[in-house]
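Paired with chain B in one complex and with chain C in the other, chain A is shared by the two complexes that follow.
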Partner chain A sequence: MANTFTLISSVTVGSGGTASITFSAIPQTYTDLKIVLSARLSANGDTFGNTKISFNGIPAGTVYSAKNIRGDGSAVASNNFTSQDSIPNNYSAVGSTSTASTFNNTEIYIPNYTSTSAAKSLSIDNVTENNATEAWATLYAGLWNPASQGAITSIVLTSNYSASELYAQYTTAYLYGIKNS
Partner chain B sequence: MPTKLIINCETGEQTEVELTDEEVAQREADAAAYAAQKAEQEAAATAKAAAKASAQAKLAALGLSAEEIAAL
Partner chain C sequence: MTAGSTYTPIATYTVPSAAASVTFSSFSGYTDLIVVCTVQASPGGDLSVQFNGDTNTNYSYTVMYGNGSGAGSTRASSRNWIPLDYYAAPPTSGSFNNEILQIQNYSNSTTYKTVLNRANNAASGVDAVVGLWRSTAAITSMTFSVVTATSNISAGSTFTLYGILAA
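Up next, the complex of A and B:
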């Protein structure tokens, strides 16, 4: 059980929106990382969107894999992803047609991020908000397994549902470092 | 031109940088790839639901009750 959570950095998106959020120069002094993301996407024309997650730069090759399970208020489904250029994390963000001023909750947990010899696993817990039947709950288990292992020094969060969408104003992202997990 | 937000965790500095033409092209390619992936997933889900409904109808035709089918 972790006994310390230290806020490393946080950001609130401004009025112009942004295509991606990058945490760079991540300190190597913790054992685990946790990102808490509250996001809404502009101009994507759907109730949901995505937040792709990649480490140490984009693109980083097709070295990511993941499995998800999700529900949308009327059905459940799961998907398997192999040879990806990022963790897809689909159905995770609130889209532009969801109830105005609502945002999703996403928690991304990355243990052992400083290892220079092991692949990096991560788990993701997403829920979207919408005052209608269709809202999404999605869980992911993912792996980053490049040919040459390295510590995670930067994390990029970006959406790829449509090329024109942006993270909307007031989207927030918090990066925590955890010791003694 | 859309921008990207970079937060330097060492210094706390936050910078907003315009995407390059290459990055914009990559976003367009990513969006197209995602649309194809989503269509494939939705088709698979639709086919699975249709197969389930067909199987349930066949079981009902054999005389199983809705409760019995649900219990399988």
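Up next, the complex of A and C:
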């Protein structure tokens, strides 16, 4: 059968950390993309952190929007984001003061990423479980809707909680291509 | 892992013109199924799924939802279908929503069938749905339609069925 769930690229963050993770020159030969991220943020001084996602370069204008649902073990809430310069993925990452050696996990699914006519609608699931008093589960619906639609050729994942925070060492990100035939 | 052996495209369909439903059949030899779809509907309504042509009240579901200002949960029993979204319903124009449906152990003939769905529409909401079909029959077909009887699945909507093999 066709090999339809294929690793395109992976990143493992080294010592010193990095502010962003970039997948570029994404092959246009798949139907959907999936990113699996295991992340921890350094130097943000909190138990959790925010990240963001953008396509085909930064900044890309205020053409991103999202809605989420989030729960921390005691309450649930939902947020609305419009006219963003990236898709916010708040409450998505384990922060620097969280339980040592814990990393979040995130799945980002992007159907029909090669379309040159349709806005890109994506699905994001995050958990930051850490065996402590605060942990988040967050689900996002995201949309990239530029004036001129284009295939996604690059993806940037950026830490977004504060200027000093970085993706910490041992953070991993895997980009998979999924083909429908 | 040799991924290709366990995540296999079975069928894909792009709706050529407004259609009341989309059906997949003739899938066998897998453990679980995944359907990825991007959908518009007109005049609108929730996307739903039924199995094996069963239109009786053998379905139930529980939804967790967020609409940008509030979050909550609802559920219903003895329904004629499993709605796959609540606030994240397919748009009527412009962009498409996306839905990722997982159907576990679909071919067994001893247990009722459960499904998980994630629905995403950045303009209206984000949903997580669990559904149950109270039948021990193996799933041999699935039909997607819009709950609102007068609504159609719009042209350009895409549905892809994948098979997951445990071994």
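By our rule, the second predicted complex is superposed on the first by the 177 of 181 C-alpha atoms of A that agree within 3 Å, B and C clash if a C-alpha of one lies under 4 Å from a C-alpha of the other, contacts with A are read in each partner's own complex, and residues count from 1 in each chain.
The definition used in the following text is that a residue touches a chain if its C-beta (ideal position, glycine included) is under 8 Å from a C-beta of that chain, and two chains touch if they have at least 3 such contacts.
Keep in mind the model is a prediction, meaning the values are calculated, not measured.
Asker: Answer with first, second, both or neither: which of chain B and chain C does A:Ala66 touch in the superposed model?
Answerer: Touch partner of A:Ala66: chain C, not chain B.
Asker: Looking at the overlay, what does A:Asn79 touch: chain B (first), chain C (second), both, or neither?
Answerer: Both partners.
Asker: Would you check which partner chain A:Val94 touches, where first means chain B only, second means chain C only, and both and neither mean what they say?
Answerer: neither
Asker: Which of the two partners, first being chain B and second being chain C, lies in contact with A:Leu166: first, second, both, or neither?
Answerer: first
Asker: Quick check on the superposed pair: does A:Leu37 touch chain B, chain C, both, or neither? Answer first, second, both or neither.
Answerer: In the superposition, A:Leu37 touches no partner, neither chain B nor chain C.
Asker: What residues on chain A does chain C touch that chain B touches too?
Answerer: 77, 79
Asker: Going by the contact rule set out above, which residues of chain A touch chain B in the complex?
Answerer: On the chain A side, the touching residues are 8-9, 11, 13-14, 16-27, 50, 52, 58-59, 75, 77, 79, 88, 90, 158, 160-163, 166, 175.
Asker: Provide the residue numbers of chain B that touch chain A in the complex, in ascending order.
Answerer: 2-12, 14, 16, 19, 23-24, 26-28, 30-31, 33-34, 37-38, 41, 45, 49
Asker: Give the list of chain A residues in touch with chain C in this complex.
Answerer: Contacts found on chain A: 1-7, 31-32, 65-71, 76-80, 109, 111-112, 118-119, 121-123, 125, 139-143, 145, 178-181.
Asker: Under the definition above, what is the set of chain C residues touching chain A in their complex?
Answerer: Counting only chain C, the residues touching chain A are 2-9, 12, 36-38, 64-72, 88, 94-98, 100, 118-126, 128, 156, 158, 160, 162.
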